[in-house]
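Got some structures for you, see below.
Shared between the two complexes below is chain A, which has chain B as its partner in the first and chain C in the second.
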Partner chain A sequence: MSNARMRSPLGRALGLGSAKDGVEAWWRERVWAVALAPLTVWLTVSILMRADKGYAAVVAWLKMPVTTTLMTLLLVALFHHIAFGLQVVIEDYVHSRIKIPVLVGMRLGCLALGVAGLVAILKIALGA
Partner chain B sequence: MTRAPSDRQRPLSPNIQIYRPQLTSVLSIGNRITGIALSAYAVALVIWLVAAAAGPDAYAAVDAFIGSWVGRIVLFGGTFCLFFHFCGGIRHLVWDAGYGFSLRAIYASGWAVVAASIALTALTYVVGAILAGYGP
Partner chain C sequence: MIIRSSDEVPRTTVLKRFPVPRNFGVDAASRINRGRTWPAPRGATRIKRFDVYRYDPESGQNPRIDTYQVDLDDCGPMVLDVLIWIKNTVDPSLTFRRSCREGVCGSCAMNIDGTNWLACTKFNADLATPATIYPLANMRIIKDLVPDLTHLFAQHRLVEPWLRSKSPEPERERLQSPQERAQLDGLYECILCFCCTSGCPSHWWNGDRFLGPAVLLQATRWLVDSRDEATGERLDDLEDPFRLYRCHTILNCTRTCPKGLNRGKAIADVKKMPIERRS
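Moving on, here comes the complex of A and B:
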């Protein structure tokens, strides 16, 4: 969805809202949140149904293509959502010089954790 | 000698410490706190997946922690945080769509979030207990 469609013509004419890419950022946050909601329900129900089933059952479940696909989507949506959320928190409460390093570190941490999760899922799926 | 007004340490708006906590403000900060807490649970999810990929021994170590009393309490807290943040997030998405801004609607949806997150947490543990063979 483009900036043009999300902003009202009057708002644009009056120069309301962010001068830069605020609408774009706002929209991205919502899309990832909406994507994450059903995936969270799926994960919660799946884990609930497999609690106390042990290693073999969990790996067999993770090997299923449906699980691999949904878990991949969940990790991507989850760490996008976390990065957006923690960015707002950091910007609200960290006002010193360390703000930018903290923001960069948080972003890189989300990327690293997401990739680690994806590699783990792929390793299980491909049967290594 | 009095100091210039601009030198005085004046309280800054919005003076959160003098406000009586309200449902709206408690849910607002609650959504933020549970979001931060759930970030830690996301790290735990990745550790769980990496352990499963590493093999039975690594998985057994993680499983042993989840099964311990500390692990169970942490998991219970995470379950509530998840449902609270989930319901609060849906409330926010409804607002983003432009609905539910009347004072009555805001309080109704607020109490709905509280009730739903408690009910869903309870439901999860009841279903979990039944699936584990403790139920009827």
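Moving on, here comes the complex of A and C:
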């Protein structure tokens, strides 16, 4: 603790130095968010249009190749968006030793949920 | 709404402060107590109440809010005039920084009615009653309205805010066309009062690593200077998930800039530069 206080202000500000990286993460956050926007609108409108059509009609719609493709893209974009968004939230607010474990756990959780969604879509699309 | 300048901000705000109980989650030694009330001088007719933050670390006591009844007929029109009036005629122990009293030196930055601004360019007439005056937020307080800016100036030093050139030293001035000079408009005017950095939530949570709007604006000023030849090295030093990309375009910096500079846009321009150089 006393060492931390005796370090020069500039030394403290410099810290571990620049990561010389970060633009990639910043840019992909934006790209995935933009990709997600039209897909979300499409899904919302499509579901509202089939709100009173019943189970069979929705399953038939999900089996259409275009729907399966768009749903797959939506799930991929959605879980990328969630993972990158949560990463920023965790980096902003978590300052203890659990930060790295939380980041890894969050990534794996998003991966698991995304894969579960894809399996569900493919099961409907390829199922009997 | 995207704020482009601090004069676009509406004068009335819905929430003057975020609605959590006062002293919520605050360490017992940092809780703000009620302090003394100083009455107006006898015979004063136009009186305005000012609630001012007081803290003296040497006293060992908690910070407190002192109430001053100020005779507006006896002092100038600005908040700084009120503070000087209090110090001269009521309470000489009130401590604050001030120098130029015309918005150029950046010394008297403080939190006035919930907004960071220069005391010397804020009219008393624009304040609520009672008016509240606190030091800049998120800084260690040296005394009363005087924050410790050491870390912020160290961060400023980090971006090497001076001309870095590799060409041989010229015989005469380094020339710059009027168009190249115009690129510095909106950047060079910053007086480093740190109203913006103090108001930036990203700097509250990650101020040890995020450079904050004031320093990033200065970094921009040297990145776009046509005479500077260290743009690449400067970008290398800035490109970091915390130093630069911790800015989430909250735009408090632009809202609170007493010089009306669009800090949010300057930082957004810097964020795009590494993309330009790699694609």
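Throughout what follows, the second predicted complex is superposed on the first by the 107 of 128 C-alpha atoms of A that agree within 3 Å, B and C clash if a C-alpha of one lies under 4 Å from a C-alpha of the other, contacts with A are read in each partner's own complex, and residues count from 1 in each chain.
The criterion applied here is as follows: a residue touches a chain if its C-beta (ideal position, glycine included) is under 8 Å from a C-beta of that chain, and two chains touch if they have at least 3 such contacts.
Please read these numbers as outputs of a predicted model, since none were measured by experiment.
*Asks:* So in the superposed three-chain picture, is A:89 touching just chain B, just chain C, both, or none of them (first/second/both/neither)?
*Replies:* Only chain B; A:89 stays clear of chain C.
*Asks:* Quick one: is A:111 in contact with chain B, with chain C, with both, or with neither? Answer first, second, both or neither.
*Replies:* A:111: touches no partner chain.
*Asks:* Is A:100 in contact with chain B, with chain C, with both, or with neither (first, second, both, neither)?
*Replies:* Neither: A:100 stays clear of chain B and chain C.
*Asks:* Quick check for you: in the superposed arrangement, does A:33 touch first (chain B), second (chain C), both or neither?
*Replies:* Touch status of A:33: first partner only.
*Asks:* Touch check for A:57: first (chain B), second (chain C), both, or neither?
*Replies:* It touches nothing on chain B or chain C.
*Asks:* Now for A:9: first (chain B), second (chain C), both, or neither, which partner does it touch?
*Replies:* After superposition on chain A, A:9 lies in contact with chain C alone.
*Asks:* Spot which of chain B and chain C makes contact with more residues of chain A, would you?
*Replies:* B
*Asks:* Touching chain B in one complex and chain C in the other: list those residues of chain A.
*Replies:* none
*Asks:* Under the stated contact criterion, what part of chain A meets chain B in this complex?
*Replies:* Contacts found on chain A: 30, 33-34, 37, 40, 44, 48-49, 51-52, 54-55, 58-59, 62, 71, 75, 78-79, 82, 85-86, 89, 113-114, 116-117, 119-121, 123-124, 128.
*Asks:* So in the complex, the part of chain A that touches chain C is made up of which residues?
*Replies:* For this pair, the touching residues of chain A are 8-10, 12-15, 18-23, 25-27, 88, 91-93, 95.
*Asks:* Touching chain A in the complex: which residues of chain B?
*Replies:* Those residues of chain B that touch chain A are 32, 35-36, 38-39, 42-43, 45-46, 49-50, 52-53, 56, 59-60, 63, 82, 86, 89-90, 93, 96, 124, 127-128, 131-132.
*Asks:* Can you list the residues on chain C that touch chain A in the complex?
*Replies:* Interface residues on the chain C side: 150-151, 153-155, 157-158, 202, 205-206, 208-209, 236-246, 248, 271, 274-275, 278.
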